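The structures come next, written out as structure tokens.
There are two complexes below, and they share chain A, which is joined by chain B in the first and by chain C in the second.
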Partner chain A sequence: MTSAVLPSPPPQRAPVQRSEGVWHAAWKRLLKDRVGIASLAVVALFIVLIVLTALGLVAKSWQAEVGVPNARPGFMGAAPPEAAAVIETPKGPNVDLSDVDPLAPRYKEWAERAAKLKTEEAPRAQTLPLGGDRLGRDVLVKAMKGTQTSVFVGLMGAVFAAIIGTLLGALAGFFGGKVGDFLEWLYNVFTAIPDILLILAFAAVFGRGVGSVAIILSLVGWTGLYRQVRAEFLKHSVREYVRAAEAIGASSMSRMFKHILPNVSHVIFVRMSLLVVGFIKYEVILSYLGLGVGVDDVSWGTMLAEAQSELILGYWWQLAAATAFMAVFITAFSLMTDALRDALDPKLRGLE
Partner chain B sequence: MLPYLIRRLWQMVPTLVGAVLLVFVLFHFFGSDPAEILGGLNATPQQIDAIREQLGLNRPWYVQLGIYLKQVATLDWGSSWTTHEAVSHIFATRLPATLTVMLPILIFDTLLALPIAMWVAYRRGSLSDRAIMVVSTLALSISFLVYIIVGQYLFGFQLGWFPVQGWSDSVLTNLLTYVPLPLMLALMVGLAPQTRLYRTFFLDELGHDYVRTARAKGLTEGSVLFKHVLRNAMIPILTNIGLALPGIFVGSFLIEVFFSIPGLGREVILAVNRSDYPVIQATTVYLAMLTMIINLIVDLLYKLVDPRVVLK
Partner chain C sequence: MLLSIQDLRVAFRMGKVDGVMQRFEAVKGVSFDVPENGTVALVGESGSGKSVTAMSVLNLLPDNAERSGKIVYQGKDLLHADLSELQALRGKDIACVFQDPMGSLNPVFTVGQQLCEPLIKHLGMKPREAWARAEALLAEVGIPEPKRRLKAYPHELSGGQQQRVMIAMALSCEPKLLIADEPTTALDVTIQRQILELIAKLKEQHRMSVLFISHDLGLVGEIADHVVVMRNGIVREQGPVARIFNAPQDAYTKALLACRPHLGENPARLMVIDEHMQGQTARTQAKPKDPNAPVLLEVKALAKSFWLHTGLFARREFKAVRGVNFQLRRGHTLGVVGESGSGKTTMGLTLLRLHEPTGGEVMFDGRNLLTLNDRERQHMRRRIQIVFQNPYASLNPRFTVGQTLIEPMEIHKIGASTAERKERARALLEKVGLDATAFGKYPHEFSGGQRQRIAIARCLTLEPEVLILDEAVSALDVSVQAQVLNLLKDLQDELGLSYVFISHDLAVVRFISDEVLVMKDGEVVEQATAEEILAAPKQEYTRRLLGAIPRGYVPAAA
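So, the complex of A and B:
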């Protein structure tokens, strides 16, 4: 860049000079953005955590009841022993009921059988690093597993939405005409219904589960991305490089996805990251309402649902853990998206 | 004007047809069998058949589509499958409660965000400007759920400033007793991001040449800001309010669920949980109509705030 501005010394000409790619240039710009790099590092840490959790290396046994119910966080120390009332053991002779008790002859047999079975009572911890929930499950482990579920839903939903939006946007922008009219109509229909109502209607139909939620969110969230990809394809389809590709006999498919797509990929990427945060929030709400992930899954939303009744009893740690994990991730991801947007496409600045 | 209106209304027809078809296809071909949900776990096959017969689910799909289209055309949705309450009655009784909560939220949000946004845009780069950015990022990082859970616990349960939840028949009691807490929580979440958005609108306008011209001819800062900049920034602001407006009819469902307010949003959640298709279908179609009409009104308002806008 600078060599073009300064006249001397004359730059040494490389045999073939390639102009800098949009991704490479953006990466160099991003490296200068300190907030952007810091948030990128935090998001990367979360991604590592999610991959480890997904592979079962971390938080695999989140359902294990390792602590006492509502175990307190480690830094608070064990709960003070409750002043339990002592039940008086009845005094006096035990009345012998064996004459009238119809089960009496079998007591001995049962006692022998019970002696053969070994039950192991696992010792339960009094405190856990971030406390325990109603069943004594470790909140820290739950929060890690919940992070995996919630972030995975957000990312998958955004990827699906990007695929739908890009495909339809490319078709509408490139071909126009009847195809374009039809897709515009589809877009109008989807935007005529408020997002949240559409999500609820889809949720009524598709049922619960991580996959369902990701699909529901993508079916609702593709519209904004479609609109932008369509505009980009409209603009690019008449550019010279596409015309040149057509002249040497490149098919429509090849022009759309080999020539134009790489040139608009940064727009799609920024839009996709904007979707992630919104999708994660919707997942939390859906799961809270019982329309989200399945009963056997844990997500930030199901943790919050449990936390509501715990809070009244003074057990605030599950709420705090879920909120803290979510706040850190969402803040880092939003800041990263802002930095990416500034680095990749300064024109998009101010877009919410 | 009249030809414009007629054309715009005519253009709504295909979109509305699309929304109607989307809902029909969704529930008819992808949804689970409502008769089985309504019959419960212990229903015998005969009972489920009877429910199907009663709801008309065993007829061919085109007959059902016909009945549905007739419902849309006459706006007579029949009654809820689970409570047998007329759908029109559900709307008439639940909508006022929703609006009692949501209109104050929208009004306060807008009326507070506009002056703050103008102030921070005017003092661009100052501490208050940066503070708005930080606060809005933080406010948005936590789910609204957390605000409600903690807010109810802290302000309702611990401090006792407001009732934790409840609703009455008197609008005044509702506004003065039950609305303040949800209103406050909604503002805590929404105000900073809203301000941030409006700030960008004002910043855009402040950079234009006409602002310099107005100052050059000696206008006071007040009249530059309120007469010139505000009026020019009205178009994106109106667009934004227009986008938010349809959402307030069901968007309040979290507030309604938590504060047990008998509104439309809570009704939709109940309907979704019970697969009560008539209620969901009616809400979807009504809201699609409403969204398009609000869009039209916003477009007409553009003309009002900016005479240069040509309606075409």
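So, the complex of A and C:
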């Protein structure tokens, strides 16, 4: 994040030692936080998983129907053979339909053609590691693929929301006056409508798909971040270091994004990580309502939507898998965010 | 003996590095006594441990502090007192007044509510009784219309009045000891004088003891009976005030006495602590200035108004600066003096057009700065630069010193390449007395005086002709102030800079200025050379400013 806003340090010619930067110091503080490091590791594992799925190395064939429908998880063993009542063979005499069946003359021809082709029914597994869905797709693979979709939506949505919120917040806080008033009106309009209603309205406009979900969420979720960034810019724009920058002739843009932004970036960063968590949950809600990702995609939300009807029949594993993946990721991400805030906020330092 | 501190040591735990707890020892074996009905002053630069010493009496230190030694108050060791015993003492027997009155008062309660709280809590008064007592207290600390002021919120009072309220609160339970931690540092000189007199008067009336903490030896000389000089957590010297001033024993005390600019004599350079302690003497002769140097900056009828909203549509004009005229010659210094609110800072910012002026002319090198378009203005910015008051706030904390210095050169395309700019930045760092290792460091790694040097170096990167110094040394300790003032004088001699030196401290202004403007309520009330202002002030206001400057210890007989 810093590299985007700070000029990259020029190569040092003389043996001038460069002092520890603010981000480096924050990283060192983070390393001392055990919970933070553990959650960071979990999140990193998820990121690796997402990269692998995105590259198609893992869970590429999540749509393959590899097990019997609603295959049970491996540890539960195969489903006992169903004592299903076999439909009784009718006992009456055979009725010859040949003279009324218009297709009867072609049966023989079809049988000959079918004999030329070989069909092979792939053996379907009776059990899968975490069970299968109603089509026999592997729930574990689906959950991994769903992780990619859901986390991608959460992250992209949060990044877009942070960009919108930061840009508008910076303009409103720095310039104030007419610009600030206009943006406040915009903010008020957005916050006056209930979030879920706004999301549904945007969803109706943008249609389904991973990209549109990310955009919908960011268009709805930027308001809180905007408000906070605006407050920070209001506070910083009258600070002396910004005045000093003005005195040496730095332009408004340079003051806003080169001077102030690095000083408030920790706020944006932490706020953004909180948005990620919220957006993942919103994506689940949207997909559950059928307004989320497309039908040929899988996300934690679509899994939960499917799980609803399965649960009535006693097939609980899809629900459990999606919930467990989501719970672990979101808990780890929230804890990581917490640790990041502690590490980045110098005011909380030295109280150990 | 009311309070006796014996071999006090205070260390702060700074967190573990490789499993070993790091400690910073702020106070290293301090001993002194506070007699009944006496005033003891703790004097030292920032970081000398004087505040930590005072705060450890009531254990108002953060949780990571470790104290050892003895603090005996009326025969009881406070170091081993538990919290409930301390809370019974806090406010009732021992009361505190802090530096920042705005920060010490709760903004959402009225003055009356805050004054009544200790009365009801410690003295068990009825609310009605407490309210009456609060009114009496406000009257005692000299606040006009106390009955009305009881219902005022802190932000409705001026800084001096807020500090008076703090003192009234401290006095409310008739304490035996008043700890005043730099109570006047945030205030104007004239208000400082009033608060000092108030503390002295109340001390007599209530027969209490005062532990007065300050970095200014001159101030302490006026109020204390006994002075304790501290540096780096140890007591350098202590004794009665007359002996400290007339026959200081310790080299550090002598240096502290010498480094403050005096109204009486005006050397070319001020003494600096280290030089003085090494036995060097200051250059005495100032380089004479050319009285016929060309006029660089000419200001005519400069005015700046702010519009205050007084109702939904109503607004009122507040004239922050009106009708300011002056001329500044090349290589000369114009001092601007006044209390806070006199418009001197606004005037400085208006010169640079950091505030848009409402009227008047600023002729710089024959051109009116106020009518320039943006391009020309950008060019002119190079030639007039500003140094701000607070060196902790005026440097971007996320920029290294190198980035801070190179940025202005990049904006104005000074220097052909990055390498050349770096070379210039290093040279400037050396010029302001920092070594080249500072280049890669961040501002928080420097002390206040060093930061102010960096801020000066940043201005110098643009090769300005006029520097506006807005209270540039006011936030610094007396000794560091001397160093920065010397640096400014040296730079003026070397580079022929002109300064507009804005300050509330007449002694400092007198040291550096050739001509002085005295401002009050946005207007210039007196304008004369530095010598004339001191020798024969024409205005009552100027005389009051002069009278308010602490003069150190003056024997009562004289």
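Heads up, the rule we're going with is that the second predicted complex is superposed on the first by the 298 of 352 C-alpha atoms of A that agree within 3 Å, B and C clash if a C-alpha of one lies under 4 Å from a C-alpha of the other, contacts with A are read in each partner's own complex, and residues count from 1 in each chain.
Following the convention adopted for this analysis, a residue touches a chain if its C-beta (ideal position, glycine included) is under 8 Å from a C-beta of that chain, and two chains touch if they have at least 3 such contacts.
Since this is a predicted model, take the numbers as computed values, not measurements.
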| item | value |
| --- | --- |
| Greater residue coverage of chain A in the superposed arrangement, chain B or chain C | B |
| Chain B versus chain C as contact partner of A:L103, first or second or both or neither | neither |
| Partner chain(s) touched by A:I312 [first = chain B, second = chain C, both, neither] | first |
| Partner chain(s) touched by A:N263 [first = chain B, second = chain C, both, neither] | second |
| First, second, both or neither for A:G249, with chain B first and chain C second | second |
| Partner chain(s) touched by A:E240 [first = chain B, second = chain C, both, neither] | second |
| Touching both chain B and chain C, residues of chain A | 350, 352 |
| Residue numbers on chain A that touch chain C, as the complex places them | 6-7, 9-10, 12-14, 16-22, 239-241, 243-250, 254, 259, 262-263, 350-352 |
| In the complex, chain C residues that touch chain A | 13-16, 63-64, 349, 352, 354, 378, 381-382, 385-386, 388-390, 393-400, 402-403, 407-408, 411-412, 418-419, 422, 426, 436-437, 439-442, 445, 455, 458-459, 461-462 |
| Chain B - residues contacting chain A, complex | 14-16, 18-19, 22-23, 26-27, 30-32, 137-138, 140-146, 149-150, 153, 157, 193, 197, 200, 246-247, 249-251, 253-254, 257, 268-269, 271-273, 275, 280, 283-284, 287-288, 291-292 |
| Partner chain B, residues of chain A touching it in the complex | 185-186, 188-198, 200-207, 277, 281, 284-285, 288-291, 300-301, 304, 307-308, 311-312, 319, 323, 326-328, 330-331, 334-335, 350, 352 |
